[in-house]
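Residue numbering begins at 1 within each chain, and the chains themselves are lettered A, B, C and D in the order written.
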Amino acid sequence: MRNSDDDPPIITLSAGPVDAYPVVLRALSRPVTYDFDPSFQQFYESTVLKTAESLRTGLPPVILQGEPVLALEAAAAALIGADDVVLNLASGEYGKGFGFWAARHCRELLEIEVSYDDAIDPEAVSEMLEARPDIRVLSVCHHDTPSGTLNPVREIGALCRDRDVLTIVDAVSSFGGMDIHPEDVNADIFVTSPSKCLGGSTGLSIVHVSERAWAKIDANPAAPTASVLSLKDWRDAWRSDVLFPFTPSVCEVHALDAAVQNYLDEGPESVWARHALTARACRAGVRALGLDLWPAREAICSDTATTVRVPGGLEDEAIRREARGRYGVVFSAGRGSLMGRLVRIGHMGPVARPIYAVVAVSALGGAIAALGGKTDVGAGVEAALAVIDGAG
Amino acid sequence: MRNSDDDPPIITLSAGPVDAYPVVLRALSRPVTYDFDPSFQQFYESTVLKTAESLRTGLPPVILQGEPVLALEAAAAALIGADDVVLNLASGEYGKGFGFWAARHCRELLEIEVSYDDAIDPEAVSEMLEARPDIRVLSVCHHDTPSGTLNPVREIGALCRDRDVLTIVDAVSSFGGMDIHPEDVNADIFVTSPSKCLGGSTGLSIVHVSERAWAKIDANPAAPTASVLSLKDWRDAWRSDVLFPFTPSVCEVHALDAAVQNYLDEGPESVWARHALTARACRAGVRALGLDLWPAREAICSDTATTVRVPGGLEDEAIRREARGRYGVVFSAGRGSLMGRLVRIGHMGPVARPIYAVVAVSALGGAIAALGGKTDVGAGVEAALAVIDGAG
Amino acid sequence: MRNSDDDPPIITLSAGPVDAYPVVLRALSRPVTYDFDPSFQQFYESTVLKTAESLRTGLPPVILQGEPVLALEAAAAALIGADDVVLNLASGEYGKGFGFWAARHCRELLEIEVSYDDAIDPEAVSEMLEARPDIRVLSVCHHDTPSGTLNPVREIGALCRDRDVLTIVDAVSSFGGMDIHPEDVNADIFVTSPSKCLGGSTGLSIVHVSERAWAKIDANPAAPTASVLSLKDWRDAWRSDVLFPFTPSVCEVHALDAAVQNYLDEGPESVWARHALTARACRAGVRALGLDLWPAREAICSDTATTVRVPGGLEDEAIRREARGRYGVVFSAGRGSLMGRLVRIGHMGPVARPIYAVVAVSALGGAIAALGGKTDVGAGVEAALAVIDGAG
Amino acid sequence: MRNSDDDPPIITLSAGPVDAYPVVLRALSRPVTYDFDPSFQQFYESTVLKTAESLRTGLPPVILQGEPVLALEAAAAALIGADDVVLNLASGEYGKGFGFWAARHCRELLEIEVSYDDAIDPEAVSEMLEARPDIRVLSVCHHDTPSGTLNPVREIGALCRDRDVLTIVDAVSSFGGMDIHPEDVNADIFVTSPSKCLGGSTGLSIVHVSERAWAKIDANPAAPTASVLSLKDWRDAWRSDVLFPFTPSVCEVHALDAAVQNYLDEGPESVWARHALTARACRAGVRALGLDLWPAREAICSDTATTVRVPGGLEDEAIRREARGRYGVVFSAGRGSLMGRLVRIGHMGPVARPIYAVVAVSALGGAIAALGGKTDVGAGVEAALAVIDGAG
C-alpha cells in the first residue's frame, strides 16, 4: 500500500519545481510555431509586456531561455566589471552561492554573512556601504529558498539607491507569491522564475534590468554577447519587429504567457494572500506538532516555503521517505550545508492553498510518528485549521 | 480568502464525476479522427477488448455513447419484454429509480424495498423468487451511490443463476474501485462507467451483456433498434471491420482507452486496495469526529464513497458550503429523498488515496466546527492516520 | 512508404468527425469537475448562452449529451404527436432517414423525395402544404451530408411560417460553416453539432427549440421524460440554479465552450468565407481534374463538403485507399444507397482552409491516376489555386 | 480572406522549430514533478538511456537545458583548450558561426571555407590535416541548415580517427531525419536537438560525448563548471541516484522522452525514408516549377530541408508573405549572408510526409505566380506526385 519510488507523487509540496496550474499545462500543449513567424513574434512581445505588467514596471524584462540559475550567472557576467567591488549578502546557500559567480568577474568580493537561519541586518549593510564607498554592486537573495528565510530587500535597496550602488536581487522563489517587485526594492537586476510562485514551467527565467544597469552593462567590455549567457543579445528580442538572437523555447513561452495571465487574472493581492495564509497555517501547525521552525524568528519566515528543523534522533531523509511512502506527499530536502538539518514544505502556485497546510502538517506529523518521533498530529491539524478559520 | 462559487474547487471529493487521471486528460486531447478511418476502427476494437479484459470476461462489452443512465434505460428497454415479471431491489434512490424504467416495459413489477441506509437481504430475495417462479428479470444496484451502501450482489446473483432469472446489475460506481465483475456476480447485463472509479471521462457507458441476455434481447420484438437507446445497434460495433451505427464520441473513446489501460497497468488489486484503505481511514476519521456514518452498519459501507449523517441542528448545504468556501474541498450532496440528510465523500479514481481521507476529515470537521457543531477534528485526523499507518 | 491502416491519417478531410481546433483539444484536457459544483453550473450556463449567441437567438438551446442523431431522434419523439401529419423532405440519405423516426410517432407521414443528387423544390412543398392543410410538422435537412447538397430551407421555412406548420431543421453539418441560423429559417427545432463546422468534439448536440415548439411539446403526452431522449428534462438545465437531470458530459461541455468561443472570436462571417472559398476552390479543382461533382448543379453544392462522382471503371474504396496509402489523406465514403457512388471531401472547421482544397485535389487526382484513371492533376491544382488567388 | 500576421499559420514548413508531434504536445502537459522526486529521477534516467539508444551508442548523452546553440557554445568551451589548434569547416552560416566560438578558446583557428551552396571536400580536409599535424580538434556541421546542404561527415570523421583529432559534429537538424549517429561518423562531441527532425520541443539539447572527449575535457582546466555552459556539471545527472546540478526543465524532459519514444516506435529507418521521400518529391516539384535549388548539386541536398534560390526580380520576403497570406503556409527565411537569397522548406518531424511536398510546391508556386513570377505550378505538383507515386 505504500507509494513506491516509481509511482508519481500524490501531492507535491516541494520548494520548486512545483506542479503547474492546469491552464499552464494546457498552454504547453499549444502547437509549436516557427519562432520567426509573425504570429509568434507578436505573441512573444505580448507575453513580455504582460510579464512587465506583473513586475509593475514599464521596462520589458529580458526572458532568458533557461532556468534562473542561468539568469543569475548571466547577471553576474553582465553587470560586474573587472574593476568592481561587490558586496554579496549571504544568509543562506543561494545568497552564498551567488558570491561564487560574482567573484569570477569582480576586483574584490566583500561579503556579509549571517547564520543560515537568520536574515541580513540592514544596519550592517549600511555600515559596510559607509566603510567601503567603492562598492559598486550589491547582491542579495530575497527568499533564500534552502533556508525559508527572507531578507529585508526594501531597506537594503533604499540604502543602495542613496549611494549609487547597483543591486542584483534574486526573487526567484518569492515573486508571484509575495508583494515584491523590482522597482519597489530598487533592484537593478531582478531575477525571477515562472516555475515557483507563478505555477509555470521550469525552462525560462525573467530578468528585469534597470536603465542604469543597462548603461553599466553597455559599458562593460566583458559583458557576454553571442552567448547563451548574454543579457544583451536578448535585450530587444521582446519587440515583434526584432529577430531572436537564438531560438526561444517556444513551448516555455506559451507556458510563461499562461502563468502570467493567470496571475494577473486572479489578482496579485489575492494570490499573495493565499500564499501568506497557507504559510501561516502551516507554521502554526508545525509548532503545534511540537516541532521547531528553522528560521530564527517568525518575522523572517517566507510565505512561500516553511522550513522545519529535523527533530533530534530522526533523519530528514527518513521523514521525507515516510511522508512519500505513506501519504504520497513530497517535501523538499535541504541543500548544501543545510542538507539533513531541515525539511522544506513549499507553498507555491497551485498548492498555495490553506488545505495543503493541513496536508503538510498531517503528512509531516504522521511520518514523524511512524518513525517513533514525539509529535501531536491532532493538535497540529487543529492549529492549522484555526488559522485558516480565523481568516474567513 | 474564501473560495468563491466562481472559483474552481481545490480538491474534488465528490461521488462523481471525479477528476480524471492526468493520463486520461491527456488522452482527451489526442487528435480527433474520422470514425470510419481504419486506424480509429482498430483503436476502437482494441479499446473494447481491453475493457473486456478489465471486466474479466471474454465477451466484448457494448460501449454506449452516453453516461450510464443511458445504459440503464437501454438495458431495461432491451431486456425486459412486455410479458416479463421483474423483481427490482430497492435499497436506495438508484435502485428505486431503476424500477421506473423497468415498469415501462414489463407486465408486472415486483419490488423488495428496504430502508435506504440498509442493504437487501438475500434471504428475502430467495423467498420472493421461490414465491414467484414467474420472475424473469431481477435488477439490483451494487453500490447505491446516494446512500453509500453495498448490496450482496454475489449472493443474489447465485440465487438467480439457479433459477434462470436474468439479472441487471448497476455497478456504475463500484467497478474499478472494488472487486466486482459481471461473471463473478452472474450479471446478464452489467452497467458501469468510465467516470467513477476508473477516473475517466463522463460521456460513455460500458455494458456487459451475457450470451443469454443477447438471446432474450434478440427475442424481444420491442428491443430498440435505430435508436440511441439500442444495445443491438452497437453489439458488433467493436469489430474493426464493422461500421459504426452512429458516430461514436471519438474523444471519449480516447479517454476510455486511457482509463482502462491505466487501471490494468496499475493492477486492479492495487487499485481496489487503495480505494478500500481510503474508505476505511475516512470512516474511522468520521467516527472520531463524533459523526455517524449513514449506512446502518460498517459491513455494507462502500469502499468508493463514505456517507455521513448530517448532525442535528446543522444543514447539509451549509456544511458543504463551508468546506468549499474555507478549504476548497467539494463533497457531494444527497439525492432525492436523501437530500439534506447526508453528506457524501467520494473515494474514486485519482482521489482514492489515503491522504484524501485526511483532507476529507479535516474539511468536514472544520466546516462543522465553523458552523458551531460539536466535533473533534484532531481526533478525526488521528484516527484516519492510524488506519493509514496500520496499513504500512 | 505507404501509410498503413494502423497509422493515423496525415490529413483528415472527412465529412465529420473532423479534427478539432487545437484550442478545443486543450479544453478537453481541463480538469473534470463535479457537475453540481457551482463553478461548473456557472460554466454550463455561460456555455449555453454563448451557444445561443452563435445561433443568433435569445433562446438558450438545449444541449443533449450525445451526438446529433440523439437530438434528431429526441426531436421527433418530443414534437411529433400521435395525431400529427408530418411532411418529410427527402433529398438524401439523412433527410430520408429522419422519416423513419418521424413515422414512429405520427399519424401519417407524407414525403417529397427527389433524386439524391438534387434539392427539394420549394414549389413542390408549397403545393403539398396547399393540398394537405392538415400537415402539422415539416422536417428537412439543410445539408444532406451524404450527398453534399443543400436544400432551400429559408424558402421552405417561410412557407411553413405562413401556415402554422412547425419545422424540424437538421443543420448538423452546415451551421458554423455557412450562414444558417434557426430564426432565419423559421426553424422550430434546429439541430446541430459541435463536431462538424465548429471543429469541436463529437459527444454533444445542440438543439434550438422555439417557443411554439415548446408549447407543442408540453402538450404532447408522449414527449419523453426521465429519458436520455428527453428534450424536456434538459430544458432548464442551462440555468446555473437548476440541477442537471442526469450527468452532463463534463469534458464535452468544456470542448463545446471552446469551439463556440473560437467561432465567435474568429468572427462567423470570416469562418463562413473560408469554408466557401475552400469549397469553391475544391470544386474548380475537381472539375479540372476531369471529374464530375455529384450534385446536379453548382447552386446546390454545400460549402462544407464536396462530393465527387466515382469515375467509370474505378471503385470508391480503392480511390480512398490510394489517397490514404499514398498521401495519408482521408476522405469520407458514401453512405447507404450512395455508398460506392461518390467520394466526399470535407471542408469543416480547421481544414476549411483553401490550402486543403489543393491537398484534396492533389490526393484525389493522384489516387485516380495511380489506379489508371484519366485525370489531369496539374490542371486540377492550377484551377484550385486560381480560385484561391482570385480571392485575394 | 488572407491569413493575417496575427493569425497562426495553417501549415508550418519551416526549417525549425517545427510543430511537435501530437504525442509530444500531450507529454508537455504531464504534471510537473519536483526534480528530486525519485519518480522524476528515474524518468530522467530512462529518458537519457532511450536517447542513447536512438543515438545508437552505449554512452548516455548529456542533456543540456537549452537549445542546441547552448550545446555548441558549451562544446567549444569544454573541449577546446588554450593550446589547441582547431580546424573549422565552413560551408555555411552555421559552420562558419561555430568558428567564432572556437576562436574564443583555441590558440589558432584554421578554417576551410567553401561557397555556401557547396560542401566540404574531404580531400581538402585530408590535405590540411596532413599539412598541420598539430590540429587537435575539427569542427563540422553535418546539415548546414541555412544552406540546406550536407557535408560528408563520415569521410571527414574517418580522416580524424586516423589522426587522433577530436571532432565536434553539429547534427542538430539532421539527426532523427537521416541516417547519422555519433559513432558512425566518429564524432567526439555530437550535438543535436529534439525540436527538429524528432518533432519535439525546443528547450533542450542532446550532446553525445565520447570517452576520449571526456578525457580531454577533464584535462582542460578552462572547461566550465558551476555554469549553465558546463558539460561536466551534467555528465552524471542521467543517473537516478545522482542529484541534478541545477533544475532541469521538467516539461521539456517529458517532451524529449515522448519525442524519442515516438522515433523508436515508428522505427528510425521508416522515419528517414519519409524524410527522404518528402525531400525528393519537393526537389522534383521545385525544379518543375522552373526554379533552381540552392545547393550546387543534388547529391549534397539535405533530406530535411529544401532550399530554393529566389528567382530574379522577386524578393524572398514577398514570396514568403504571399505563401503565408494566401495559403497559410510558412517557409523559413535565409539567415545571415544568405538572407534574401533563398527560401527554405523544412521537412522535419510531423511534416516530413510526402503530401507536404505537394503543399510546399503549390504554395511556393502560387506565391511566385501571384507576384508575377514565371512558374508552372501544375508541372510542379505533377512532378512531386510522380516521385511519391514512384515510391509506392
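Going forward, a contact is a pair of C-beta atoms (placed from the backbone, for glycine too) under 8 Å apart; a residue touches a chain by one contact, two chains touch by 3 or more.
Not measured: the values here are computed from a predicted model.
Looking at A-D and B-D, the interface holding more C-beta pairs in contact is that of A-D.
Seen from the Cα centre of chain A, the chain whose own Cα centre is farthest off is C. The centroid of the Cα atoms in chain A and the matching centroid in chain D are 34 Å apart. For the pair chain A and chain B, the distance between C-alpha centroids works out to 44 Å. Our note on geometry: chain B versus chain D, Cα centroid distance of 52 Å, whole angstroms. Counting partner chains per residue, chain A shows two or more touched chains at residues 25-26, 29-31.
Across the complex, chain D is touched by residues 5-9, 12, 14, 16-20, 25-26, 28-39, 42, 65-67, 69-70, 73, 100-101, 195, 201-203, 226-229, 246-252, 255, 324, 330, 332-333 of chain A. Note for the complex: chain D touches chain B at residues 22, 25-27, 29-31. Interface residues of chain A facing chain B in the complex, by the touch rule stated above, are 1-2, 10-11, 29, 273-274, 277, 326-329, 353-355, 358-359, 362-363, 365-366, 369-370, 377-379, 381-382, 385, 388-389, 391-392.
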